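Here come two complexes built around chain A, the first alongside chain B, the second alongside chain C.
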Partner chain A sequence: MKRKATRHALLYVGVALTCAILVFPIYWLVVTALSEPSQLRQLPPSFWPDKPRWGVFGQIMAERPILLWLGNSALAAIGAVTISMVVSVLAGYSLSRFRVRGGQSLGLFILTAKMLPATLLVIPLFGIFRNLELIGSLWSIILAHATLIIPFTTWMLKGYFDTIPRELEQAAMVDGCSPLGALVRVILPVSAPGLAATALYGFVLSWSDYAYARTFLTNAQGNWTANLGITTMKGEYISNWSDISAASILVALPILAIYLFLERYLVGGLTAGAEK
Partner chain B sequence: MPRSAFLDLARPSRRHWLGYLLLAPAVLLIALIIVYPLFVSVDLSFQNVNIARLDQPRRPFTTANYERLFASEEFWNACWVTFKLVTIVSFFCFLLGLGTALLVNNRFKGQALARLLVALPWAIPEVIAVVIFAWLFDSSFGLMNWLFIRLGLVDQTINWFSSPDAAFAVVTTVMVWKGYPFVSIMMLAGLQSIPEDFYNAAKVDGARAWQRLLYITIPSLMPVIGVTLVLVMLWVFRDFSIIYVLTGGGPLKATQSLSIMTYEQAFGFFKMGYASAIGVITLIVCVIASRLMIARAPDNI
Partner chain C sequence: MAGIRIDSVTKSYGALTVLKAFSLDIADGEFVVLVGPSGCGKSTMLKILAGLEEASSGTIAIGERDVTDLAPGDRDIAMVFQNYALYPHLTVARNMGFGLKMRGTDAGEIDRRVNDAAKILGIDHLLERRPRALSGGQRQRVALGRAIVREPQAFLMDEPLSNLDAKLRVHTRAEISALHKRLRVTTIYVTHDQTEAMTMADRIVIMKDGVIQQIASPDAMFREPANLFVAGFIGSPGMNFLKAKAEAAGGGATAKLFGHDVRLPIANGGALAGREIVVGLRPEHIAAGPGQVSFTVSPRLIESLGSEQYVYVDLPEEHRREASSGGEDESRRTSLIARLINPEPRPPEATLTLSFDPARLHVFDAASGEAIR
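Entry: the complex of A and B
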């Protein structure tokens, strides 16, 4: 019995140590944000500020257009997710329920599209958007983010619809629902958790983008997204690490919140389409 | 109910106009924003264009971009950097991801919290991860320099971003930290699908812990490991944000991967045709890799 207790204690120490090391960079981000800039230039460093300046978040929002950046990121993400969800709900349902000529090759193509490098697509998209005079407008990244999101959401939703028994629509149609009515009134309500998880996953993809925002929006300061804004702060001659850290926390918070909510569904999202 | 009589969903072999109609918006959108740009990209790679202007007449067909590319030292350097990155980052992502997965797969109090914490870096946007590590590795007041000196590993501060090897090491560190949670999440899912009976049977036969790991856990995980490995390698291969924001590909092109080189040529020097040629090469690699993955993917994860 004693051996088992030792093993158990070792396990706890191991887990605690691993978590501490791996999460430390995030902890350090928080410490940096809460420290006075002058304090950061002291050695040895202090691992918790004497007087945490909790006001830093309000202050940074007043000094920098963080709220504008966050708002732009949110607008872009909502736009891209809305477009993607509409087309992927329909496509995912079709791929799950119908055998359509070319459906399988479409599925395979979408799967491959998930693996496309952004640095490849960004060049032709830049040319196309310039013709359409979309460079500098949020529409450019809404459309570009849709290229990232649609492949994911279509496969996630197809997988989700596959788990819903066909008898549900069957019953609805016997009761006089049209096939589309069955989708809207029966299948979508039952799939609400899956739809929410999928949409949030798309939101994370859009929110995390840097390449497209950097290319299409650099010259349109008013439309900068959060990630783009943060990198310009980092690029300034004298980096004020506490301000950058505080701003970074504000940018990361929505994604952290989504992660806590999504954790259960994460595996489904990450592997969507990985299975045949 | 004449219409519903036509649509018998219990027989999926049935082709139905509604199936096509539902696919139409996705097909249209994908054709416009993915397929068409891909064609433009391939087309550009065979032209001598500096700025992608689609309203101008097409330049004559030429393979000059590819000839220049294969003769360029910069391209082979980028291939080598990409190869090193993919190998090293994937290796450490697996070591750390599998390790943490095995650790938190044990039963203990607070397991749910531990699982949440070990995968937390997944939820940090890449740009923010770069901010965190750029400060940790700051040349004057960064914590890492202080730690390295305290531990006696070095006797003076390292200027992480001006030495090629040090910069490469920092890029690798950020990528591993950002990438291992994915492996961890995938491995945990895989571990949970291994039937408990396997272990019980092995225990009855007197198998030790390391034997159970070697003969049950690893072989059972093999299909998941395969898919995860391809996905991680593709992620490193394609990644742009981490390297671009952290080092911009420098110093002395020590961290210039193929993605960074593509972007620099396209938007730094406006050689869109040349950049597209590099892009097409990366596309071919990605397609081959994703086909490999689809071919060996397990039926359920």
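Entry: the complex of A and C
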């Protein structure tokens, strides 16, 4: 009994330490945002500002087009996720259901694209977008993000579709659906948790991107995404880290809200898709 | 409603042929059961009938229409699946009406037909529930209901009772039979359970390795099995098989069984003289006590079910067949089972006199396995 209590205590201490390590950077971001810039370098550091600058968020929103940047990020993420979902639903379903020559190798080949680092694709994508005159357009990062998202979401959805009995779409076909009709009317509604999980994965990936936005959008200020916009707040000689931290919080809030709201759904979807 | 004509349907996956020249005429309103062990091709045939799999060759006609190349939805058939395949995101009512909706049926008409079918099946109080809120038996009824509301030319049923417990299975089996008598819709039913086949079918099609072994009514199949496989598959417990040699005797043939020269019930016995044969004897055709052919045994095991007893006896060496390559149960090769109705209680170690009527024997060619009559 005593041994069990000790084991529990050790477990809780371990979990608490891990949480502290994970939460500390977020806490420090908040402290930095609310502190006067002059207080940031003082020793010993203050773990909570004497007079928190609650007005900093309104102030930077007035000084910078943060809402425009957030809007662009949202447009890019929604566009990339929409394209990715259409492609990966059809590809994942085909890989799951149709026996084609070399289908397995094709599936693995798609997955290898995910193994390549994103930066490796920057130069070829730049060449393509320049030819298509998309440099500076939000379309460039929408398409670039889709190339990153599709391989993984295709595999996620293939895994999810594998867990759905084939008889379900066979019943739909006997009831009068075409194969595509069975997918749309029966398989997709049944796959809602899996679709939500994959869509969120894609959204987060697109929202967090900096490298592509930095490469393709630098000369088009009206199309800057939030991550790109924040980096412009860093000066060559002086950087206001309090303002940068406050802007970072504003950018992180939407994604944090989505995660908190859909956390159970997301985890459920991921595990359900990974069952087989 | 319509009859179905299946003509020389073959299905191959590369070099593997799972269905070999399957031909069958099914009359309008008939209840046909495809039965056989796992992997015999019965479910494949059903899926080809439904249009869910493509035949490698051959044709299928439903009524006067050649449906070989039609999509499943254009064949005007309804199917009940082994795992029911109910749409989990739709209510029972919408599950049942889905096929009609796909065909553009008016909403009022869908409601009327769904309600009628639900009343027939006693599920009208479940119409607003989702499948996950139903028991196994209720799901099974909804799957049947989904088929009924369509009023199709034929029902295809793929082992629809196999997920139910034993008691519910017997109950639902009777309900499906009653439903068929009421609706008289042509039905093709797939099962591996010979009891289901015997109790439900107008005709049984028994299959092995993609080949039809026999097509007959349940009684005819039980009385006159076409070969050793059918004889062993139909009946529970299966038929006993005894290796023997036929001898000519007065225009007929005899075989030495348990030390007796037993006259074989075949028409042209003289031609059989000297041939290796397998004699079949159903467990229920063996009686306790002396009879026309009697023999004394020491039972290896006696199982009592109250109203009947299964007596297991080791076969004499001379009656044991060689082990086949077909994966036959070793105990069936080496033992004999007697099914004694209303038996006397007896201690298992006591010797026992059993007997049979030679007219009940079945005779098969040992080499080909075909029945000799």
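Methods note: the second predicted complex is superposed on the first by the 237 of 276 C-alpha atoms of A that agree within 3 Å, B and C clash if a C-alpha of one lies under 4 Å from a C-alpha of the other, contacts with A are read in each partner's own complex, and residues count from 1 in each chain.
Following the convention adopted for this analysis, contacts are C-beta pairs under 8 Å (C-beta built on N, C-alpha and C of every residue); 3 or more make two chains touch, one makes a residue touch a chain.
Being a predicted model, the structure only gives us computed values, none of them experimental.
When the two structures are aligned on the shared chain, A:120 is found in touch with chain B, with no touch to chain C. Judged by the touch definition given at the top, the superposed model places A:220 against neither chain B nor chain C. Using the contact criterion defined above for the overlaid structures, shared-chain residue A:174 touches chain B and also reaches chain C.
When the two complexes are overlaid on their common chain A, residue A:30 makes contact with neither chain B nor chain C. Taking chain A as the reference, the larger set of touched residues comes from B, when chain B and chain C are compared.
Within the superposed three-chain model, A:165 lies in touch with chain C and out of touch with chain B [touch as defined at top]. Of the two partner chains, neither chain B nor chain C is touched by A:78. With both structures placed on the common chain, the touch criterion links A:189 to chain C but leaves chain B unconnected. The contact surfaces that chain B and chain C form on chain A in the two complexes overlap at residues 167, 170, 173-174, 176-178. Against chain C, the residues of chain A that register as touching in their complex are 165, 167-168, 170-178, 181, 186, 189-190, 192. Taken together, the chain A residues at the contact with chain B in this complex read 8, 11-12, 14-15, 18-19, 22-23, 25-26, 28-29, 32, 40-41, 43-45, 83, 86-88, 90-91, 93-95, 97-101, 103, 106, 108-128, 130-131, 143-144, 146-147, 150, 154, 166-167, 169-170, 173-174, 176-180, 204, 207-208, 210-211, 214-215, 227, 230-231, 234, 241, 244-245, 248, 251-252, 255-256, 258-260, 263, 266-267, 270-271, 274-276. Only residues 47, 50-52, 71-73, 77-79, 81-83, 85-89, 98-99, 102-103, 146, 150 of chain C touch chain A when the two sit together in their complex. Residue ranges on chain B touching chain A, taken from their complex, read 1, 3-4, 7, 9-10, 12-16, 18-20, 22-23, 25-27, 29-30, 33-34, 36-38, 40-41, 44, 52-55, 96, 99-100, 103-104, 106, 108, 110, 114-136, 138, 140-141, 143, 146, 150, 177, 182, 185-186, 188-189, 227, 231, 234, 237-238, 240-241, 244-245, 259-260, 262-263, 266-267, 272, 275-276, 279-280, 282-283, 286-287, 289-291, 293-294, 297-301.
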